[in-house]
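These are the structures in question, set out in turn.
Paired with chain B in one complex and with chain C in the other, chain A is shared by the two complexes that follow.
Let's look at the complex of A and B:
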């Protein structure tokens, strides 16, 4: 786990330009949505756009550097090395997650600093709640990335198309830039229930409550409990899925096929 | 005719590459999901902001302005960066060497791939607009204005075509970088999409931006394309003919610049022996 995390960290921080590469869409989309809120007389909600820009960095990392990573590793011939090593694939994925989270932090920090410097969004935070919620959101989000990563083992180049299909709808349903749960949601209850199955939805809702409305841990504990349960369940699910698909791939002889 | 053939061959390859990885109708439907979700996100931000803020004033006309603009920006973003990915992916999958070994410039290949992406993106983004218009109207219970007549469709088609030179020019500029790059080129789509969101007037008028950025953004061919196409569907939102003229003028300049840079870059990449370099 440590080895895989270090590889990821070295690949990012060994080439500082990667930070610049990773921050493009989060910074610009956050800026665009902040300006949209500003232009329609809703400057009070610019903080939502900045927070969305921070979290979209992590969501992008989960999709492109977790879910589809094994496919790229297959193309580069790395996946065979994972398989033949005595390390468990789950440990490698957890290492990848830890490295991904730390590697995405600079992009998230840049979005935050720029957003604050340009728009001074109003914040009324319960920082303990923000920190706990943020940690739990990332844990459950990256656990979801591990599940996707295992499912994508069955895909070839379709994985990238699947990522493109998932990226925007999940961003919308999870309410990266506006609330999707409760009375101010535009979605009907059934759709809110479906959206709640995505860890990012619960996480964003709790983050907005703790960061902008000053809700304490005692007030958002149901969200935190849901995130913790999701993280554990998704971790276990990814372990089973990995084992199952690894065995299937070995039987069918497709596990290390590079391009299909 | 000799130039048309490689462009058409590349365009056909692009269609095969982009939609034949699964059943074509399914592939096209899946490609419409992202612009649909993107348009919904922007529209819901507008709805949420105006209905929950004391200073906000909700207007169906303004919501339609935002909805149409977001679909159009997604359309441009989804095909302007295709040359970059065609080269980068071509290097990784060893198809690009087969292209640059031919007697023609790879610019024909790049143009063909961009044109196929334009056709696919036109279908998917307009489908996304239609679905988003219906879904959004149902969700918030508002009838959104949208003019769909033979004349407005013709005006929209003309605007879409007028944007091709500008998008191709941008594609050539990004492609020129891709010929040399071997890792960072994958970040370009994010930058293209993000820059268009901020500077093309898709989500808010360019006058929202501080001067002189607002003046620069106003004269971008993509800003003028969005203004003209939006005026076709929402009459009165812009001066259609003026926007078309500026779009064609700016697009022509960008195309000439893009072609010149791409050709010079290709010559130098061949000479330096880096045209098929996969790893830095």
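Let's look at the complex of A and C:
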């Protein structure tokens, strides 16, 4: 588990170019939204955009590296090595998550520093609440990544295109750049309900409350409880899914995808 | 004699079918075998014989559809977690590793899947690399290693957890003679000195002959025969007959009717203007009868001699055809 995290870091920082490529997207999109809010005078939203840029880095990491990495491993024959070892696949995925989180930190820091330097968004934070919600959001986000990974194992390339389909609507729905839950949401209630099934949505909402409105832990506890429940449920789900899919693969002979 | 030891691998009536769009493919059709601890056991057979399927079932990547298999006493279908603690495997077709990290860190990472303490892992990686001639290349990124060194690293990985049983699927495929030889020497040493059991799937006769204590010859999902390479060769009875025949031609069906001829292969040598025929015979008389049969068909036997039997001839004798012919059939 620790080892998997290290491998992740070694390969990310072994090729510094990748770090920059990976950072480019969240930085640019965050700046674009910030500029937009700035120009229409919605200064109150600028902080949201910067926060969105930070979170989109992690979201992108979950979608693009973590979930699809396992599929890649499978094609390279690495997955067989995991399976024939006594290590649990869940532990390997958790290691991958930790590595992914740490690997994404530089990008998140750059967005934060740039955002603050350029736009000085007004912050009114309860830092304890921020830290807790941030941690819980990441936990549930990466737990979701683990579930996605297991899907990748069965559906391989189809899942890859699912990723592309998911990326934009989820970024929208989950309110990476603007609030989607509550009174100021541009979405109807039904859509808000759907959106809140995505851990990122609740996480973003809670983060905004704690970071910009000074809400304390006591005030955002329902969000936090929801995030914690989601993280646990998703974790359990992924561990069952992995076991189930491993057995299915052993039965159907689909663990190896090589064509000879 | 010491008390009977637990077999490293025990397989009984193993079957595996694959669903396909057409009729199901029977990859294994009732395979049984027993491998002692510390033995190098070869599974030899042509393409599609079921070698990889056997290895996959034994290494818990695939479930059998019939029969059972045990590794160090653990059932591969019901107790995969226990099997996984005592095995490792490597495939020559894969040479898997993370491209952007060094060979050493790759090895270290894989050792951690087995929960080996860091210092023990480091020491073992050092030793294995030294013996496999990999030490100089340990700090290279995996993608920057040549095929040969990547394969050495893959072999090192397969031993990094001090496994009791190691499964190797064509470990020297695509390697030059020198690299293949050093890997073979390493494998022999692992079995002889460290008492490791090695199951080697291969279609390379020379390799199997060089390092295996015992061989099972498989074809179409069945074991045709089993024994030490020496015994198998001796079982043929007499040295093989080689004939050079002109004019060159492909068909030597007349040999099939000669009593005592167990099988044959032939090839055309255009530039020399003749055909070479190798026949597996059970006696000297059968060899003479084979030559007569060729002459009676109106062909000239330019030269003929006898040759010490090889495993290939054992195979030919068993199925009446050679590996090459089988491969050509598969292409069609």
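Here, the second predicted complex is superposed on the first by the 257 of 260 C-alpha atoms of A that agree within 3 Å, B and C clash if a C-alpha of one lies under 4 Å from a C-alpha of the other, contacts with A are read in each partner's own complex, and residues count from 1 in each chain.
In this text, a residue touches a chain if its C-beta (ideal position, glycine included) is under 8 Å from a C-beta of that chain, and two chains touch if they have at least 3 such contacts.
All figures in this text were calculated on a predicted structure; none of them were measured in a lab.
J.: Check chain A with both chain B and chain C modelled on it and let me know: fit or clash.
T.: Here the two partners, once superposed via chain A, fit next to each other without clashing.
J.: State whether A:164 touches chain B only (first), chain C only (second), both chains, or neither.
T.: first
J.: Quick one: classify A:113 as touching chain B (first), chain C (second), both or neither.
T.: Neither partner.
J.: Compare chain B and chain C by how many residues of chain A each one touches, and report the one with more.
T.: Ranking chain B and chain C by residues of chain A touched puts B first.
J.: Is A:84 in contact with chain B, with chain C, with both, or with neither (first, second, both, neither)?
T.: In the superposition, A:84 touches chain C alone.
J.: Would you sort A:233 into first (chain B), second (chain C), both or neither based on which partner it touches?
T.: neither
J.: For A:186, is the partner it touches chain B (first), chain C (second), both, or none of the two (neither)?
T.: first
J.: Taking CA centres after the superposition, what's the angle at chain A between the directions to chain B and chain C, given in steps of 10 degrees?
T.: Between chain B and chain C, as viewed from chain A: 90 degrees.
J.: Closest Cα approach between chain B and chain C after superposing, in Å?
T.: Superposed model gives a least chain B-chain C C-alpha distance of 5 Å.
J.: For the complex, which residues does chain A have touching chain C?
T.: My answer: residues 2-4, 6-7, 10-11, 14-15, 76-78, 80-87, 92, 247, 250-253, 255-256, 258, 260.
J.: Quick check on the complex: what are the chain B residues that touch chain A?
T.: 21-22, 27, 30-31, 33-38, 40-42, 44-50, 52-53, 55-57, 62, 66, 92-93, 139-140, 184, 186-187, 190-191, 193-195, 197-198, 203-205, 208-209
J.: Which residues of chain C touch chain A once you look at their complex with the stated criterion?
T.: Its residues touching chain A are 16, 18-19, 56, 59-63, 81, 84-85, 87-89, 91, 93-94, 96-101, 105, 108-110, 112-115, 141, 157, 161.
J.: Once bound in the complex, which stretches of chain A touch chain B?
T.: The touching residues are 17-18, 20-22, 24-25, 27-29, 31-33, 35-45, 49, 75, 157-158, 161, 164-165, 167-169, 171-172, 176-179, 184, 186-188, 259.
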